[in-house]
Amino acid sequence: MIYYVAAFSLILIGTYAVLVKKNMVKIVLGLSLIDSGVNILLISLGYIKGKTAPIFSTPALKAQNMVDPIPQALVLTAIVIGLAVTALALTIVIRLYDHHKTLDISKIRELKW
Amino acid sequence: MNTIPLILLLLFGSALLAYFVGKINFVLKVGIALAGLLVSSYFFLTLYGLSEKFIFHLAGFELTWQINSLSWFFGMLIFGLGILVAIYSTVYMRGKERVDFYCFALCTTIASMFGIVVSGDLLSFFFFWEIMTWSSFLLVIYYRYEAQTAGIKYFVMSAIGAYSMLIAILMIYARLGSFSFQALSAGWQGFSLGTQIAIIILFVMAFGVKAAMMPLHTWAPEAYAISPSSFTSLFSGVLSKMGIYGFVLLFYVFSAGKLSASFVDIHGTSLPGYILAWFGALSALIATLIAIVQDDAKKLLAYSSVGQLGYIILGLGLGSSIGVSGALFHAVNHTIFKGMLFLAVGAVFYRTGTRKFSELGGLISRMPYTFFVVLLGIITIAGIPPLSGFGSKWLIYEAIIQKKMVFLAVVTFAASTASFMYCYRLIFGIFLGQRDEKYDDVKEVPWAMRGPMLLLSLFTIYLGFYPYHLLNLIAEVEKTVLGIHPFAYGQSVLFSRFGSVDTMTVMNVVAVVFVIVFVLFSLLYKRSRKVGLKDIHTSGEIPGEEINLHYAIDFYQPFSRGVGAVLKRSADRLYMNFASNMEGLFDMMRYIYTGNGQTYVMYVIVFLAFVLAFSSWLI
Amino acid sequence: MYLDPVLMIAVPLFAAFLIPILGKINKNIAKYVPVLVIGFNLYEAVMLLPVSMIKPVIVIIAAWRPPLGINLTIGPLGNMLALIISLVGFIVSIYNIKFVEEEPNEKFHMLFMLLVAGATGMVLTGDIFNLFVFLEITSISSYALTAFIRHRDSAEAAFKYLVIGSISSTFVLLGVALIYATTGTLNMADIAQKIQSVDPKIAVTAMILLVTGFGVEAEMFPLNGWAPDAYSQAPTPVSAAFGGIVVKAGMYGLARLIFTIFNFHGIFYFLLIMGIITLLIAEMSALRQKQIKRMLAFSSIGQMGLVMMALGLATQEGVVGGLFQMFNHAIIKPLLFLSAGYLVFYSGSKNIEDLDGMGRLKPLTSFFFAFGAFAIMGLPPFSGFWSKLIIISETIRNGFVVLAALALIGSVIEAVYYLRVVGRLYFKKPHEGERTHYVHPTAIVAMTLLTLIVLFVGLYPDFLMTYLKPAAAELLNKSAYIKDVLTAGL
Amino acid sequence: MSPMNIIWMIAMPFIGAAIGLLYIGISRNITARVQNRFGPPPYQNIIDIIKLYSKKTAITHGVMFHLGPVLAITGTISTLMFVPILTGNYPIYLFSFQGDLILLMYIMVFGCLAMALGAGQSGNPNSAIGVSRGLTQMFGYEVPFVIALIILMVRFDTSSVLDIIKAQDTVAHWNIFRSPFSFIAAIAAFLGMMGNKPFDIVFAPAEISSGPPSEYGGKYLALMQTNRGLFAFVKLVLYTDLFLGGAGDFITLILKTFALFLIPLFIGIVNPRFRTEQAMTFFWKWPTAIGVVGLVLVLL
């Protein structure tokens, strides 16, 4: 349960940051937070209390005793994607800062209407 | 191979060919266009009296192309004027830029008009209708710098009309599951009254725009004035007839003459027809009043065109055989005289470079042939016997009075009288009065331009005394397609229940009297001495040669004072205001896109929250 | 004869990462790689077409049969869209050969191929998580491409796009998570089968999350804030690719979700209404745009609104119309963007008012633009006519006369702003100043190809309709889809 | 076609012109008497015309200038051919079987328009102004005129003049009594048509030096004057046919037409001239209103 709470609070905090914070770095941070939240959520979906990692480390280990492996695979992918997005976002933020000398998103609105 | 697709293929093919091959030289492109037209009109002539059908499937819809007497009748107008215009263009367009483009658009327009009249189903009708709209739009904007607003206005009004037609067509399709005219006329009575009203209104919007019916006419004056004159004559003479063709279809083919089954009758005409007749009559009157005060010859003719089309619409609305015959007869006349007049004005423009009455004058001795054409043209347009305009107007008036629609008759007669005024204005402003010195060297236009005009004037004389063949054709149309019992007519005698007129006698009387008087007058008395136009009686003052006393500016000033109340109001201004207000309103919409990334994210979140909140509705 | 369809994704991906290496060897090779690779994709898509029309091609990867393994499901719909994507990609890559001069151009080609690979993957995959992954590949390459030109505005547009896009992809991931939590599977056919037994509240929540996520790519109002900026600031071929590829893939995701996976009828009405709202607002916003590409972007949104409306009808004919419209839009909008790109290139300004008199200076490019404008307005005999006709016809047949009328009002507005631009091109006097640029033949080839397709489809729509009908049927008949996928490899 | 008819056809224009000119001469006398002076003899106009015909110089400004008067009188004679002149025992129908009222309405205009064209080529701005005024006024008076004719046509359910005459077999059946509204409207229009005083804006000698004919002289003017007389006669005969039951013989014809002729004359003597737009709008007020009442009555 605690995982769900953590996941959702991360998502909410991230969303808050994206919606309210003017600083673009903080927005990117918010995006990362949302990502992490969702990842935790995914992991916790597959987590079953008292089960072990889905690796056949010992022959005695049965599939019933493992947690669901698929969410973990998914999360791995998602993390990579999230990383890529964050990296790209930060480069763009750097470029924006170069051009505009500010990180305030509300001041960067040359494209409108 | 079936002839109808062959003709269409030929026409569209020559359009494309003229465009692509025509890059090489002038003769080639005009030649191709003309040859394509001539060959296809030969094939068209072979279709006379036949009723062919060509059915095929496209995009899952069944399409029918067919020829019957009605389509032949309108096809005759298209090809007749089309060829003359093409011949005229060979000289008129020489030396102008982008002639290939012109030829392409001209051929496409003619092809699409032919497509319209051979359409046996609503879908191909709409298909060709749209092609006609854009190809004629291309010609309207031919003079690039000046034409933008006129062109866009034309296109937008046409688009509104066409889309309302589309809705009507698809409403019919949704109910009948078929686009064909036959299915429609069979299934018309199954529609509820509301559907019938909606369909009629939507169709009338579409056809009214093309037929320049008041108050949907506002595109016409500008578009007519701005397009090349050679095309304008086709535009006004034939293209606007497509609207008339549409009205014929709507009132006599689609509804199969059963409108009175669901609507009340007024004076023996079903209510929609009666309303249409009023629209026609008011168009005739108001457009005529506006035409009188124009200074631009083509605008004058444009308004006059609106007025004359009003007569045709009026005749169609009446619904009796004599009214419909009058309307179709007048349609032919309108094609002829509008063709003549626009070509003649084009000829004047070709030589002088202006169309304004205030700048022209006294060209009669310089361009006598053109003058003659205009003279016959205005006599026809005014409906004065013995030329053909009288015959059609006579039929329409008889039809109105037979139905005892007295107020309609008053309005129509008044419009007709008023048309004398602009007729005179047209001929006086250009050909009579004193001539400006700079036009002293103006020459008559070449024969390739004179020929088409003179040919058309021969037609109006011929139809003036012997309309028998044309009436036969019209009677054939009425019998076979429209389901109306044709009225009685003789070789040259038109009968109504009311009275009759013998066009041959009228023509003979006028001709004989004229010849006698002319001969007596010219022979018995001494030859007259000719003096210049500026050698006039001016109460002692002797104005110099260079002073031009041509009375052309504000010619009907007292008149415009008298009817100022009518002239002051303008549907055009109303629409333009409406359009700019709407545009301002629409413009507000783009402020949704604030440019702030966070706002956009906010939209996403709000959207999500909103949909989640109402998610129970989605289940 | 077609090769393994996996290659349609694998080859562009592989080539994409090969390009930087090739670029080291010879700068010029990089230019031609995309043409070849996407040409291969096009070949594959065409060759697959007759096969997939009869029975969906299910490619099982690594011998894990559905629902367990990841699989590609190439039904008529997926194949059609793959065809559209590779066709547009191919033509745009021809155009790219000369147009993209800005350094580092091999990176551009790399990203472009990633974009195509991602979009192709989206339409071919049968796995919902893969759908998400490919969506991300597409989006990330789009963000990067948007920012490709080193200009302050491009970066701004890219950032907005990125923020909205990544938020929305998070929603997609959340939706996937929810689905997985409740059904325990990621295979779309399997989900479709099992979703029946899931609590509808959860299912609907998952659907809304996914619809929101894909709605961003599909430019649904109000999720389309990124579109005008990104379209107008991205390099021209990228704008064309947005219109022809990214949005199509997004729309495919949306359609797949609501037709195949979920089973809620309310969503169709919702889509219908959102479609008309999107259409109207976009057309109204486009009316007074000052920049040509921004105007085209709004027009693009409007077209997608029409597609949504058609899909929202959820009838065979309606969906055919919607797919037809997607095809048309995918062909015509690149034509407009590509020609507008050259016009902008000549005039050196993105503003419409600086395009005065281009019709005289650059007759060919202006002709292409005017042609595209006429085609997208839905005038016969161009292809746009048929799709619009079918959509409006279906709308009216289903009794939504008012919606049809509103859509047509949108068309009238569209006519006004397109004609204004065309008018400026042809009527106004050109500005002073010398222009020495010439259209490169590759660009002419690209635009001519598009023009010919438009004309051919317009004159002979049946050709396309025969393929669109099974595609629409696939969307509407989910049980057949489920059966085909789940029994594959048996 | 009987020889008698042919003779009448040839003779009638001359007779008509003579009568018309005589009326105009008499009108000059009457006007003079009212103004307390002696006018010229009634036949003065005819003498004038003969003099003009025999004048040696004739100046023309061009083809249309030449053709204008010719066409004008052609129009008038053609109109005459379609008006039944005498009914009774020795009828003079000419061609009136072959045309109806609508034809008459239009063919009457032929002459006016031709004259306007001729005047147009004279190059004199006064002529053009006159024409402009004339057409404007014509638009005015045609409205009540048309209303009057429509009342008659609808009432008798025919557009043939002969049938309308036939319906007025006794004095009590004359349309002047049976359709008074129509008659009033028609008479108002008649004032305009005749161009007498309040409506003489076309010729207005003091303003635009007699307008359209101002450049005409010699044989042209002679022809125009002939035309004027003949046209007056035609109109009078037509009104007689329509409202006074036609005429059985020449004496009746002359009495009736002269009576009609006096109406505009007397009105004209005591009235000043209208402005052009006043003249036009005048016809749209009372005459039209009265006509509309007639229209409503005939419909009921």
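By written order: A, B, C and D. Residues from 1 in each chain.
Quick note on the criterion: a contact is a pair of C-beta atoms (placed from the backbone, for glycine too) under 8 Å apart; a residue touches a chain by one contact, two chains touch by 3 or more.
Owing to the predicted nature of the structure, the values given are computational and were not obtained by experimental measurement.
Asker: If you tally the C-beta contacts, which comes out ahead, B-C or A-B?
Answerer: Output for the comparison: B-C.
Asker: Which chain wins if you rank chains by how close their C-alpha centre is to the centre of all protein C-alpha atoms?
Answerer: Closest chain centre to the overall C-alpha centroid: B.
Asker: Suppose each chain is reduced to the average of its Cα coordinates; what separation in Å results between subunit B and subunit C?
Answerer: Chain centres of subunit B and subunit C, defined by C-alpha means, are spaced 44 Å apart.
Asker: Mind checking the centre-to-centre distance between subunit A and subunit B? Centres are C-alpha means, answer in whole Å.
Answerer: 68
Asker: List the centre-to-centre spacing of subunit A and subunit D in whole Å, with centres computed as mean CA coordinates.
Answerer: 100
Asker: Using Cα averages as centroids, what's the distance between subunit A and subunit C in whole Å?
Answerer: The mean C-alpha positions of subunit A and subunit C differ by 27 Å.
Asker: Can you list every residue of subunit D that touches 2 or more other chains, as numbers and ranges?
Answerer: none
Asker: Which residues of subunit B are in contact with two or more other chains?
Answerer: 590, 593, 595, 597-598, 601, 605
Asker: Two or more other chains in contact with one residue: find those residues in subunit A.
Answerer: 15, 18, 27, 105, 108-111, 113 - these are the residues of subunit A that touch more than one other chain.
Asker: What kind of graph do the touching chains make: line, ring, star, complete, other?
Answerer: Looks like something else, not a line, ring, star or complete graph.
Asker: Where on subunit B does subunit C make contact in their complex?
Answerer: Going through subunit B, the ones touching subunit C are 57-60, 123, 127-128, 130-131, 133-134, 141, 144-148, 151-152, 155-156, 159-160, 163-164, 166-167, 170-171, 173-174, 583, 586-587, 589-590, 592-593, 595, 597-601, 603-608, 611-612, 615-619.
Asker: Give every residue of subunit A touching subunit C within the complex, in rising order.
Answerer: So the residues of subunit A touching subunit C come out as 11, 15, 18, 24, 27, 31, 34-35, 38, 41-42, 45, 70-71, 74, 77-78, 81, 84-85, 88-89, 92-93, 95-96, 99-100, 105, 108-111, 113.
Asker: Given the complex with subunit A, which residues does subunit C contribute to the contact?
Answerer: 129, 133, 136, 140, 143-144, 147, 150, 152-153, 155-160, 162-163, 166-167, 169-170, 173-174, 176-177, 180-181, 186, 228-229, 232-233, 285
Asker: What residues of subunit D sit close enough to touch subunit B in their complex?
Answerer: Counting only subunit D, the residues touching subunit B are 53, 56-64, 66-67, 69-71, 73-75, 77-78, 81-82, 95, 98-103, 105-107, 109-110, 113, 116-117, 120-125, 128-129, 131-133, 135-136, 138-139, 142-143, 146-147, 150-151, 153-154, 157-160, 163, 209, 214-215, 218-220, 223, 275-277, 280-281, 295, 298-299.
Asker: Touching subunit B in the complex: which residues of subunit C?
Answerer: Per the stated touch rule, the residues are 159-160, 163-164, 167-168, 171, 200-201, 204-205, 207-209, 211-212, 215-216, 222-223, 225-226, 228-229, 264, 266-267, 270, 281, 283-285, 287-289, 298, 317, 359, 374, 379-381, 385-386, 389-390, 392-393, 396-397, 399, 401, 404-405, 408-409, 411-413, 415-416, 419-420, 423, 426-429, 460-462, 465.
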